[in-house]
Amino acid sequence: MSYGSTFAAWRDATPAWPDYTRHAFVQGLGDGTLPRDAFLHYLKQDYVFLIHFSRAWALAVTKADTVGEMRLAAGTLNGLINKEIALHIKTCAQAGIDEATLFATQERQANLAYTRYVLDAGHAGDLLDLLAALAPCVMGYGDIGHHLAATKTAGTYGAWIASYASDEYQQICQDVGGLIDAAVARRLGDDPTASPRWPALQARFAMATRLEVGFWDMGLDP
Amino acid sequence: MSYGSTFAAWRDATPAWPDYTRHAFVQGLGDGTLPRDAFLHYLKQDYVFLIHFSRAWALAVTKADTVGEMRLAAGTLNGLINKEIALHIKTCAQAGIDEATLFATQERQANLAYTRYVLDAGHAGDLLDLLAALAPCVMGYGDIGHHLAATKTAGTYGAWIASYASDEYQQICQDVGGLIDAAVARRLGDDPTASPRWPALQARFAMATRLEVGFWDMGLDP
Amino acid sequence: MSYGSTFAAWRDATPAWPDYTRHAFVQGLGDGTLPRDAFLHYLKQDYVFLIHFSRAWALAVTKADTVGEMRLAAGTLNGLINKEIALHIKTCAQAGIDEATLFATQERQANLAYTRYVLDAGHAGDLLDLLAALAPCVMGYGDIGHHLAATKTAGTYGAWIASYASDEYQQICQDVGGLIDAAVARRLGDDPTASPRWPALQARFAMATRLEVGFWDMGLDP
Amino acid sequence: MSYGSTFAAWRDATPAWPDYTRHAFVQGLGDGTLPRDAFLHYLKQDYVFLIHFSRAWALAVTKADTVGEMRLAAGTLNGLINKEIALHIKTCAQAGIDEATLFATQERQANLAYTRYVLDAGHAGDLLDLLAALAPCVMGYGDIGHHLAATKTAGTYGAWIASYASDEYQQICQDVGGLIDAAVARRLGDDPTASPRWPALQARFAMATRLEVGFWDMGLDP
C-alpha cells in the first residue's frame, strides 16, 4: 500500500490523519456497530459529495499541463462517474432509496464545506493546489479500505469495505499517487519540500483532512 | 429600505430569512448582551469571510455581460477591500488584535462552507447564480443594520450597527439591488418568475441564507 | 443526419455556416487536391486544438446541473482523449510525426483564438454559453464528414473522411445535440427563442463558426 | 523606468520584445504618419481589449494569496475601468464615436486571441501564470510611452503618448512590477530562474508578447 512519496510526506505531517482514517465512524464500519440509518444517511450525503468531487476532477483536466496529466485526471473522473457513483446508486437501491431521492438529498454544511473548498483550491491556485486538496479523500479511503479489510470483526459493511480494499481501488490510489509525484516534480523540482510553496500545499492537504473528519462527524449525526 | 424587486421576491420566499436577520447573535448586538469574546471571535472570522467574499465580487466582474455590470461589481469589490475590511482592521486593532493575527485566523467550517459555496455558484453558473448567492449577505446586513439602529437598547455595539445602518452602506444595498434587477431583466426578461431558472436561483438565495444562519451560530460558539 | 432542434436553429441563423462546412480546405479533402503539407500542418494544429477542446468539455462537466449532463460531457471528453486524439497520433505517426513533435507544435493565432474563446465562453457564462461555443466544431465535423462521404471524388483523404462519417462519430453528434436540447429546455423552457438569452447564445455559435473558418484559412497557410 | 527584476528578466529573454515595442504602428504614432482611420480602428479594438483585460485583472483578485496581492490587483482593475477605459471613451467621443458604437465593435481575431489567452492562463494555472501573461501589455505600453515621449517628431498622437508616458501610468507599471517580484518570491523563492516553472512562465510572457505584435499588425489593417 504505497501511494507515492508526496502523499506519504503530506500524510506524515498531518496530525489529523488518524482522526480521519481511524474515526469512530470507520471503527463502526469495521465492527458492524455503525447504525444502519447512519450508514444510509452517510451514503446519501456521499452521493452528493461524489458529484461535486467529480466536478473537481474535471477541473483538474482543465488545469493539466501535459496530455499525460489530462488522461489520468479524465480516467479518475470516469471511474468516479461510472463506477463509484454507480456503486452508491446500487447500494442505495438495495436499501430502497432511488436515484431521484439521492439527487434531492439536502446537502449538509460539512459536506458542502469540503467539496467547495476542493473546487476553490483548484480555481484559486494551480493543479498542485487542487491535487493537494483531492488527495486526502482518494488515498484516505484506500487506507481505510485496506485497514478494515485486515481488521474487521463483522461482515455488516463488508461490501463497502471490499470496494475500497479492492485491487481496482488500490490501483486508482497508486495511479493518483503517481500523478501527484510527477506533477510535483514537474513544477517544484526534485527537492519539493524546499520550495516556498510546500507549506501552502501541506496546509491544503491538512485542511481537506480536517474536512474529512467533519464529514465522518456529520455521518454519525443523521 | 428598498433593495429592488428581485431581492424582495427571493427574501419573501425564504423561510430562513428571519432566522438569519433576527438571530440571537443579532439580538445580542442590539441589547448589548453579546459577550465581548463572541464579538471578537466573530470579527476575526468575518475578516477572513470578507477576503473570500471580495474574491467572489471579483469573480462577478469576470462574469459580467456589460460595462455597467462590470463597473458596479468592481465598485462593490473596492468598497469591500478599502472600506469594510479596513473597518474590521481598525475595530480589531482597538481591541488589541493586529492584522497579521486576523489573517492567520483559522477558518471555521461554517465560514468556509459559506464563501466557497458562493464562489462555486459563480464558477458553476452565470452571473445570476453568483448574484443570488451574494445577495443574502449584502442585503441582510443592510436589513440588520437598519433594524438595529431603530430598536437597539444599548450602545455597546453602536459603532458596528452604525456602519451597516449608514447611508453609505444602505446605498450599496440599493446599488446591488439595482444591479440584480437589471441583470435579471437582461437574462430572464420581464417575467422572471416564469423562467425555468427561477427556482434554481431561489434555491441559491435560500442556501446562502441558511449558511448565514450557520455563520451566526458559529459566532456564538467562540 | 439530425443533431437536434437547437443546433438546427443556430445553424440556420448563421450565414457563415457554409463558409465553414464547404470551405476550400474541405473541398480539397473531398477531391484530393489538398496539398499533403497543408494536411499535415492542419493535423498538428488540430492535435493542439483537441487538447484545449478537451479541456473545454471537462469544464462543461464542472458546469453541469444534473448527473445526466455530467455523464454526457464526461463521455464526450473521454471520446476526445481516448479516440479522436489517438487517431491524430496514429495518422501523424504514419506520416513520420511523433507525439512529442505534435505536443511541441507552436500554436497559431487562429487556433489559439478559437479554443480560448470557447473556454472563456464557459467561464464567463453558464453551461449553455459553453455548449453554444462547442457545438460548431462537434456538429460541423459531423456535417462535413457526412457530406464528403457522399460526394468525395478521390480517396486521398478517405481515412479522415471515414472517421467523421462513421456511425460512431455521427452518434456523438446526435448525443451532443440531445444534450444541448435538454440543457436548453431545462434553462430556457419550451420556447427558448423567446428568451432574452437566445441572441447571445446565437452570437456565441456564430462567433465559433467564424473561428472555424479562420482555422481552415490557417490550414491552407502552412 | 524600472519595472522590477522579474519583468526585466522575462523581457530580455523575449526576442519579439522589440518587434512589439518598436513596431511600425508605434513608429507611426511617434512621427505622426499613422493614418487616422488606423488609429480609430485601433482605439475601437482596444476598447474591447480593455474590457477583457479588466476581466483578467479581476480574475487575478480571485487568485491572490495575500490581502496585499488582492489590493494591488483590485487597484489595477479600478484604474483600468475608471481611468484607461474612460480615456478611450473620451478620445473616441471627440472623434465622433459614441460608447454604444465602441461596445458594438466586432472583435477581430488578433484581439480575441490575446485577451482569451490571458484569461485562460489564469484559469489554467496560478497567479504567476496570469501575471506573466498580463505583464507584456502593462509594461510594454509603459516602455512605448516613455520611448515615444523622448523621441516623437510630431504632435499628432501627443495625447495618447502623454497618457502612457505620464507619471501616473509609469507608477502603475512600477506597482505591477513590484507585485510580480513579490508574487514570484513568495512562490518560487529567491532564485526563481532555477525553478522548473521558470521556462513555462517565460513562455507565457513570450506568447503574450507575440500576441501584442499581432495586435499592432491588426491595427495597421483597418
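The first chain written gets the first letter, and so on, giving A, B, C and D; residue counts start at 1 in each chain.
Everything that follows uses one rule, which is that a residue touches a chain if its C-beta (ideal position, glycine included) is under 8 Å from a C-beta of that chain, and two chains touch if they have at least 3 such contacts.
Since this is a predicted model, take the numbers as computed values, not measurements.
Engineer: Tally the contacting C-beta pairs at the B-D interface and at the B-C interface, and name the larger one.
Structural biologist: B-D
Engineer: If every chain is reduced to the average of its C-alpha atoms, which one ends up farthest from subunit D?
Structural biologist: Farthest from subunit D by mean C-alpha position: A.
Engineer: What is the distance, in whole Å, between the centres of subunit B and subunit D, each centre taken as the mean of its C-alpha atoms?
Structural biologist: Once rounded, the distance between the two centres reads 34 Å.
Engineer: When the C-alpha atoms of subunit B and subunit C are each averaged to a single point, how far apart are the two points in Å?
Structural biologist: 42
Engineer: Subunit B: which residues touch two or more other chains?
Structural biologist: Within subunit B, residues 55, 62, 119, 123-124 contact more than one other chain.
Engineer: Applying the document's contact rule, which stretches of subunit C touch subunit D when the two form their complex?
Structural biologist: Touch list, subunit C to subunit D: 55, 109-110, 112-113, 116-117, 119-120, 123-124, 211, 214.
Engineer: If we count contacts the way the header does, which residues on subunit A are in touch with subunit D in the complex?
Structural biologist: Interface residues on subunit A, with respect to subunit D: 62-63, 65, 123-126, 129, 185-189, 194-197, 200.
Engineer: Name, in rising order, each residue of subunit D that touches subunit B in their complex.
Structural biologist: Result: residues 51, 54-56, 58-59, 61-62, 64, 66-67, 70-71, 73-74, 77-78, 81-82, 85, 99, 103, 119 of subunit D touch subunit B.
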